[in-house]
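You will see subunit A twice below: alongside subunit B first, and alongside subunit C after that.
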Partner chain A sequence: MNYSFDFQSISFAPLWEGLMVTLELTAAANIIGIVGGFLLALLIMSPIAVIRLPAMLFVEFFRCTPAIVQIVWFFYCVPMLFNVFLGSMTMGILALGFNLMAFNAEAYRASIQAVPREQIDAGIALGLNPFQRILYIVLPTAFRASIPVLLTNGIGIFQQSALVAIVAVQDLMYQGKTLATETYRPIETFTVVALIYFAVSFPVTQVVGYLERRRQLLMN
Partner chain B sequence: MALDFSIILRFQDALLLGLWMTLKLTLICVILGCTLGFLVGLARTSRSVMLRAISSIYVEFFRGTPVLIQLFWIFFCLPLILGIELSNLASGVIALTLYMGAITSETFRASLKSVGPEQLDACIALGLPRRIQVINVILPQAVLRAIPTLLSNCVSLFKESALVSAVGMADLMFVGQNISNNTARPVEVLTIVALIYFVIAFPLTRAVSLIERRILAKLAI
Partner chain C sequence: MTAPTTPPLVRMQSLHKSYGPAIQVLKGLDIEMQPGERLVVIGPSGGGKSTLLRVMMGLEKIDRGSITFGGKPYISSDGLDKKTNIDTEVRRSIGMVFQHYTLFPHLNVVENLILAPCKVRKERKSDATERAVGLLTRFGLAAKAKAYPAQLSGGQKQRVAIARALMLDPKLMLFDEVTSALDPELVAEVEQVILQLAAQKMPMMIVTHDMWFAKNIASRVIFCAGGVVVEDGPPEQVLGSPKEERTRDFIDRVFHIRQ
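Right after this comes the complex of A and B.
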């Protein structure tokens, strides 16, 4: 191979800006995903079919279609269907946030089901109303049990957020693409961009691994 | 606005061709990726430090970066580095196979680990040679446990395959986007494209949970 590398030609300022946009998207989508996911999980587990079925459909739809289809659909169809025009950043946050909501709802459901029945019975015996039972008994236990999966999903959304580059949100991926075309240095640019993504997500996956190992030790 | 879904019928053939491309790509990469994943899974549990280090770096890197950047890297950089022309399909297959290999290797590794130490102890007590221990005792149990997760990995791959549209491969998503741009009817076309993906992926996810229950019941005996 006779290719001379030239990492000098890559300017880091646009990549840094892009990373900030990516992180902003990730953080906002995670807030929607963590809060909305729990509410959605409660809806999925509702005994009333009229509430349960639409919620299940929502979850299954987001879990069973490619994220890129969802994002493109969101950007093209929501303004036409509902006649609302939001900024591209808001659209990106909503599309990623809804996607994460669906995945987190499944995680919450598994851990809500794992909350021992006795604890809820104890709540009833203490005279807590259903709302208090969810807030003080189910939520803390289920939330703690779901943390590893929530983190994994959260970092998944960090990676999926690269897709918004396709609809021209100026995130890290988009800046990388622009830089690669401007400098004619695709190898160097894409390698650096990949390393930036890796540098952010790798520590988080290590933390998840640590939490899971600790949990297993505690359970044994 | 008035929706007119009959427009889809005019582009039936193009969409079917795109779907065929998506399915072909998924199938090739499932087969290649599972083989790669199995080998990497074994390498990650091997005694050689070299093998373990290389395979861990590969897996962590492919799991730690967006698939989109992997695809771009392989489409734009691999031909430059290797100095050969790669067809669209070849690059797509390489990228998705490497991705699939990384995620399935984790599945294989977890299932190899899930075969309890008492099984190995029993093998030793029975005086079974190492080869028989691996082939007849560990592997069958590990593969059986891996099946549900492998299936959901396949569903993920099917969904991720839509990304190749971003580098100009004519898969279902690419065809759908082209039609929607040319007819200026994104709502109808993109909704149908999403539904096609859903109709294929949803039964598969149901099958995963069904098989999971069956296998768990079988292993519990």
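Right after this comes the complex of A and C.
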């Protein structure tokens, strides 16, 4: 192969702009995912079937279909079915946010159910009422336990957000595609794009690793 | 025995408890405990000892039977609709310490101690903290007030757990195999604390496999097997020269293992 690399022709300004859009998508989707996911977790643990079953259906729909299908469905089917289109950025945030909500709800549910029975027994023995046991014992422990998974899911959404480029949200991936076409330099462009995604994701995975090691020490 | 003039502290009548139809853990248990008594419950695994304490704490439902505490009705079930009635006000005068030190991992030692006083009794945080530090000092743990459970040894954790239960001024303490999970060299420091409480006339019910400790702490020993009380008497009798053959078998085996 006789390819001569030319990184000079890559202009970083549009990529930077794209990265900002990607980070905005990620941040907004994570707010929906972290808050909404918690409420959804409460619903899927409800003893009342009328509440639990629709919530479970929501979770399973998002967990069992490809994210790209969800995004396309959101962009093309929701406007046609309900006659609403909220702008591509908003639709992108909602599609990614609902996806993350489903995965985070599972993370919350798993950590809540992993709180040892003995902890709750101790709460009963200390005279705490059911509400106090959940508020002061179960949730603080469960929330701490779920942080590494929430971060992993959150950084997953940062990467998944590249999919919204196909529906014309001008994120990092979209800007990369445009730049590659304009410059005829797809190798250089997508290499730089990949490095940017990596540079943001990698520190977060390191933080997750650190938190997990620290947690193991704390639990012993 | 002469009839006691004061009502018994605890009166358990005909306690029945099963896990499903196949496993009957308590088969009609009757136990009376007088104020100031320190009742040690011994017996083989699965004999219902721990279940007995958990029922007493209101952690397990019963199928049938009743418990009164200080003359007041506390727990009852007539077995009809499988509903166990528990008076949660009465329950608050009972404290319990578990085998696996159940300290709350996200709270430091003092926070573990003051959680219930502040939330249940609405005590002021500064007052509760002052009492907590006092108790910790008494148990030789003042230096650990700000430590998190993960930073403590098993023995320290268990002493904190005892202090936490005492913060609510219980009228009865339940100890469920509190030294079973400890390394041998840490057992003594926990037993010392319980002996200290015994010296202050705290009524207690203790489930233990440690016969040396049983002998030292008990004012009365109950041998429980197969969900019923097999033998009940002073420690010299039950541990020293048991009348029942099943008790003798058990004591022989336990002491044999220990030698």
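Here is the rule we use: the second predicted complex is superposed on the first by the 197 of 220 C-alpha atoms of A that agree within 3 Å, B and C clash if a C-alpha of one lies under 4 Å from a C-alpha of the other, contacts with A are read in each partner's own complex, and residues count from 1 in each chain.
In the analysis below, a residue touches a chain if its C-beta (ideal position, glycine included) is under 8 Å from a C-beta of that chain, and two chains touch if they have at least 3 such contacts.
Owing to the predicted nature of the structure, the values given are computational and were not obtained by experimental measurement.
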Problem - Contacts of A:144 with subunit B and subunit C, given as first, second, both or neither - result: second
Practice task
Tell me which partner A:6 touches in the superposition: subunit B (first), subunit C (second), both or neither.
Solution key: neither
Practice task
Check the residue A:218 against both partner chains and state whether it touches subunit B (first), subunit C (second), both, or neither.
Solution key: second
Practice task
Mind working out whether A:191 is in touch with subunit B, subunit C, both or neither, as first, second, both or neither?
Solution key: first
Exercise for the section: Kindly classify A:182 by the partners it touches after superposition: subunit B alone (first), subunit C alone (second), both, or neither? Expected result: neither
Practice task
Classify the contacts of A:128 with the two partner chains as first (subunit B alone), second (subunit C alone), both, or neither.
Solution key: second
Practice task
Examine A:76 and indicate which partner it touches, taking first as subunit B and second as subunit C; both and neither are also allowed.
Solution key: first
Exercise for the section: Count the residues of subunit A touched by subunit B and by subunit C, then name the partner with the higher count. Expected result: B
Problem - Residues of subunit A that lie at the interface with subunit B and also at the interface with subunit C - result: none
Handout entry: Contacting residues of subunit A [partner subunit C, same complex]
Key = 116, 118-119, 121-122, 124-129, 132, 136-137, 140-141, 144, 217-220
Problem - Sites on subunit C touched by subunit A in the complex - result: 54, 57-59, 88, 91-92, 94-96, 98, 100, 102-106, 115-116, 119-120, 148, 150, 161, 164-165, 168
Problem - Complex contacts: residues of subunit B adjacent to subunit A - result: 1, 60-61, 63-70, 72-73, 76-77, 80-83, 155, 159-163, 165-166, 173, 176-177, 180, 186-187, 190-191, 193-194, 197-198, 201-202, 205
Fill in the blank from the handout: Note: in the complex, subunit A contacts subunit B through residues 1-3, 60-61, 63-70, 72-73, 76-77, 80-81, 159-163, 165-166, 173, 176-177, 180, 186-187, 190-191, 193-194, 197-198, 201-202, 205
